[in-house]
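Naming follows writing order (A, B, C, D, E and F), and every chain is counted from residue 1.
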Amino acid sequence: MKRPIVVINPNSSETVTEGLREALAGFMHHPGIAIECLTIAEGPPGVITQRHLDEAALNVGKVVEARPDAGAFVIACYSQPGLDLARSLTKVPVYGIQDAGALTALAAADSFGVIAVSPASIPRHLRTLRRLGVEQRLAGEVALSGNISVADSGHGEESFAGLLEAGEELKRMGAGAIVLGCAGMSGHRQRLEAALSLPVIDPTQAAVAVAFGDMVTRLP
Amino acid sequence: MKRPIVVINPNSSETVTEGLREALAGFMHHPGIAIECLTIAEGPPGVITQRHLDEAALNVGKVVEARPDAGAFVIACYSQPGLDLARSLTKVPVYGIQDAGALTALAAADSFGVIAVSPASIPRHLRTLRRLGVEQRLAGEVALSGNISVADSGHGEESFAGLLEAGEELKRMGAGAIVLGCAGMSGHRQRLEAALSLPVIDPTQAAVAVAFGDMVTRLP
Amino acid sequence: MKRPIVVINPNSSETVTEGLREALAGFMHHPGIAIECLTIAEGPPGVITQRHLDEAALNVGKVVEARPDAGAFVIACYSQPGLDLARSLTKVPVYGIQDAGALTALAAADSFGVIAVSPASIPRHLRTLRRLGVEQRLAGEVALSGNISVADSGHGEESFAGLLEAGEELKRMGAGAIVLGCAGMSGHRQRLEAALSLPVIDPTQAAVAVAFGDMVTRLP
Amino acid sequence: MKRPIVVINPNSSETVTEGLREALAGFMHHPGIAIECLTIAEGPPGVITQRHLDEAALNVGKVVEARPDAGAFVIACYSQPGLDLARSLTKVPVYGIQDAGALTALAAADSFGVIAVSPASIPRHLRTLRRLGVEQRLAGEVALSGNISVADSGHGEESFAGLLEAGEELKRMGAGAIVLGCAGMSGHRQRLEAALSLPVIDPTQAAVAVAFGDMVTRLP
Amino acid sequence: MKRPIVVINPNSSETVTEGLREALAGFMHHPGIAIECLTIAEGPPGVITQRHLDEAALNVGKVVEARPDAGAFVIACYSQPGLDLARSLTKVPVYGIQDAGALTALAAADSFGVIAVSPASIPRHLRTLRRLGVEQRLAGEVALSGNISVADSGHGEESFAGLLEAGEELKRMGAGAIVLGCAGMSGHRQRLEAALSLPVIDPTQAAVAVAFGDMVTRLP
Amino acid sequence: MKRPIVVINPNSSETVTEGLREALAGFMHHPGIAIECLTIAEGPPGVITQRHLDEAALNVGKVVEARPDAGAFVIACYSQPGLDLARSLTKVPVYGIQDAGALTALAAADSFGVIAVSPASIPRHLRTLRRLGVEQRLAGEVALSGNISVADSGHGEESFAGLLEAGEELKRMGAGAIVLGCAGMSGHRQRLEAALSLPVIDPTQAAVAVAFGDMVTRLP
């Protein structure tokens, strides 16, 4: 029986979940490993406020309990709601995408920069990096200017221009790799990488890579 | 054209390279991605001394120059000889297995312990962790007792008993995950994980997972 | 109008809340400042699991919204559920008792030790200390042996013996002050201090001291 | 018998001591706790040079020895002269205001900024923060422009304008709270807080809050 | 005109000063550089308490002012009394022996251990290491057992036995070099080094080496 | 028999080696200690690329093996090629000039800045500082503008102007001392120090001072 990697989008936007499926399509070819991207229908349209996050944590916990068949979970929101809860409820690995994104960046470069969707999320992200213990390797975190939603952050010229501007600032700050600080930006990853000449890490892809690697090496 | 992930074993032991192939077999099913494990024939039977490492660095550099077709390189020796050199010679990603192993452990747990083949390598590993910036999350590093070679470290009851003893000590020291501190121990990974009830990370598998994830998400 | 310091006990145990009132009695004399200790009736009898904490966060948020009259909030659970949420919902100061306890210890001594009610809470506490940025000054954290509840941890000979044993171990580990790692241990504070010849910090008292000082210096 | 909190102003300026009394008036209502602010008459008019500090240390030591009745001491100079000496001479708690100010800021916010009276004192303050172990949470320290004395730093439009300018710069640097880096600035605290929309910490108030909280919870 | 390196012994023991002269004899051959070891006659017989240190600071300041001819100063007491004061009074370099000893150890090894004369001085030394910023490289600090004075710590079998015991413990703790944590132990340096097979650093020699090197490279 | 301090210039430029001899002339007066500066003839004209460094490591190892008479080795290239190898091949001390330069700066000042010859070497230097454990005390590292070679960096008005510009920037960044980030800049040391009013450290002089001090205190 295949035990799927369950990728949880804690917001209610099917558009965002569909974007995750596209971002992860490369992994979906293996006969022994399934990847399933779920939308939490009762979640908010976007996980923006701290209340959204704290409610999302409980929703993530419900998904984990509802899926005893899962082989691993990935929490596909950069603020990683419910990471500790999920780990307390299951023995299979649970990955948060901020952790996986930052750590994958450090596997490729000496330091990294992060592009956030909004300035309000930056202090929250920094708390998580301190908890993870790698904040000394952060060159900086910069928010997209303008008012771009998670769902829009991976498509269109306006959001690409914002990503490029932020990425260039992070490069000047010394970043050796760029982490996309949101689950919805993957559509711009390769174009941004070409424009910046720096590795660009999509954090959901990074987390799924770790989960996939862990599972694929256990198959009989 | 497939651009392979080239996994470099800097010692001359085909047995070790064959062990890498086994450890990585799970990744070798994708029609678009090849994984190639190379032995450096002119390397020493085992990379043990600092001289071995410094010579291995240049050998790794030669491989990188000889393989402009590669899509990524993994340096499959825990001391990561030639990591900086390889990165200076190619634009494709180069991963060291110590870095990838430690970072993958931190994606799954709050702290990690490392099992080294010999005590002499521990100070060297600590220098690398300081350079990477995550030494604060190291619960400890413990060497196998007895005199076990890299090639033998992944097979047989004697080496398993050593791994188990070291792993239990690291668990008492607070490790939330165990990194196998050598490219040859993967054969014992799952058994050790079951015995310790802790995630056990094989560093070569961890590095290839990152490389695989990076490449598979770029395929058209 | 007096704006009270609202001290939130996120568990449903009135015994624990009554213990908080006793621990804070010294502050309750000022004509201009009220201190109110609330029990969250819908909370669990004890906040023990990660799910308890994540549910408690939302409960704490409800209290904060229900009390626009408050001058400050103190979250009287060592794991500080809802700290970020509460801060996002109000402009008045919100203090977590782990933060306040650790910081108050450092105002009096070079390093501190923490006595936890149970070993399971230690990794959680360490994550919070890393986030706060003072984990380097932690001499150690030790759990009470035996199976003592939060409500019992501040009364009786059995729990005192446990606190003394843990405190002596922390003193040997180099702690210059001891933080009681739970909201219910204050009953033993002075006796433990005398026995150890070290400052012993009750974290709820520490947090209320900061809140009280902040408010009392603003009175007209 | 009441054991007072003895607040030591190590300079000879009665104006500064009077300012301390005003800043601390809120605490002076409790029937069981006295707060006494002392001027060291043989001190310099302002503690500015390193020699002033080293002489102040011995003067502080004399006060500590002369006051065996004290329940706690607060050294009301941001450079904390005599902190180690005082602690070696008494068993009652001794608080330095830089330590207490920084730690209290961290109980309320993720990071803090400091406003110094003069640029010359900044390296000295940074050494103290490193010793305390929280320099990583410092967003920055900025000196008042112009030539404003300690005694003048808490009164008048000129010094307020300077504080505001410095505070705004610290806010841009990411400070989540502002610590007044001198014992004489408290007069501007609330006005600055309103102007900046950030918590502003007077360090003497912060230290007395900790001392008061410690004592008030020991009263029978 | 020769500008001497003035080595200040802040205690009144001529025996200790004579020991410094012996320890530094090797430097005293250069026609252009003089090394002068001074006893502070009004100092205590040994600098042991914090009061001794704070008084010593002012005495060191007096020496610095009395010697405008000096080319450099070395404060030959491991707790470095008066380091900041001396630096504020002169433009020539001032070196503290704890700083120089620790830093010289790190020029030779990955980590270091310190042997203290008495346990009471260890917390003081740790504060200085934190201020210097290298406490992460400290493997440990261990005090001589027994009751050995500074003057006796460099001579006789009893003190050697104590140094050896402490050194062996530090070696087990992972120290790659040993710093003698007192100005009086140099007489045992070479014997201890032979017994431990580790570099042993006398901190006064280390500080004078830095001062000597700085001056000798400026001679015309 | 005199056991010389062997100073190894890993590039083939006799001009650079001659510059080392001049920089070290002050040490060459002692009847019991010889200082010998060697050029590695088979090295590259300048050690610039990572390949140069990795080849230089092996060349340094050969020198160490060829000189069993040496009393100490100094690797006179700021990137310290072969430091670990040399230490594995000999029992006498081996010093790298980056380590010695940074540590000597910290013996004189709270923080330091580094002037690099080229921007490309800065990430490499930062990795070494992290490994050494003192990167927190780095105020910044700035490269010479223009295209100045190692051999030219210590002579002429153009390179002095570049050093001055970089030094002034580092002073604004808070550096309390400046380290010349290359073995060839010593010719400008004293002039730069006068212009900046800050201590300027030549790293080769710093390393030789430590080696000289170690040896001169062992002479009979």
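We take it that a residue touches a chain if its C-beta (ideal position, glycine included) is under 8 Å from a C-beta of that chain, and two chains touch if they have at least 3 such contacts.
Keep in mind that what you see is a predicted model, and the values were worked out from it rather than measured.
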Q: Return the chains common to the contact lists of chain A and chain F.
A: B, D
Q.
Looking at chain pairs B-C and D-E, which one is connected by more C-beta pairs in contact?
A. D-E
Q. Which one, A-F, A-C or A-D, has the same contacts as B-F for more than half of its contact pairs?
A. A-C
**Q.** Distance from chain F to chain E - Cα centre to Cα centre, in angstrom
**A.** 25
Q | chain C-chain E separation of Cα centroids, rounded to whole Å | A | 44
Q) Hey, what residues on chain F touch two or more of the other chains? A) 127, 133
Q) Draw the chains as dots and join the ones that touch; what shape do you get: line, ring, star, complete or other? A) other
Q. Which chains are in touch, pair by pair?
A. A-B, A-C, A-D, A-F, B-C, B-E, B-F, C-D, C-E, D-E, D-F, E-F
Q. Which of the residues in chain A come into contact with chain F in the complex?
A. 110, 176
**Q.** chain F contact footprint on chain D (complex, rising order)
**A.** 123, 126-127
Q) Can you list the chain E residues touching chain F in their complex? A) 23-24, 26-27, 29-31, 93, 95, 99-100, 103-104, 106-108, 132-134, 136-137, 189-190, 199, 202, 205-210, 212-214, 216-219
Q | Interfacial residue positions of chain C with respect to chain A in the complex | A | 49-51, 53-55, 57-58, 61, 82, 84-85, 87-89, 124, 127-128, 130-131, 133
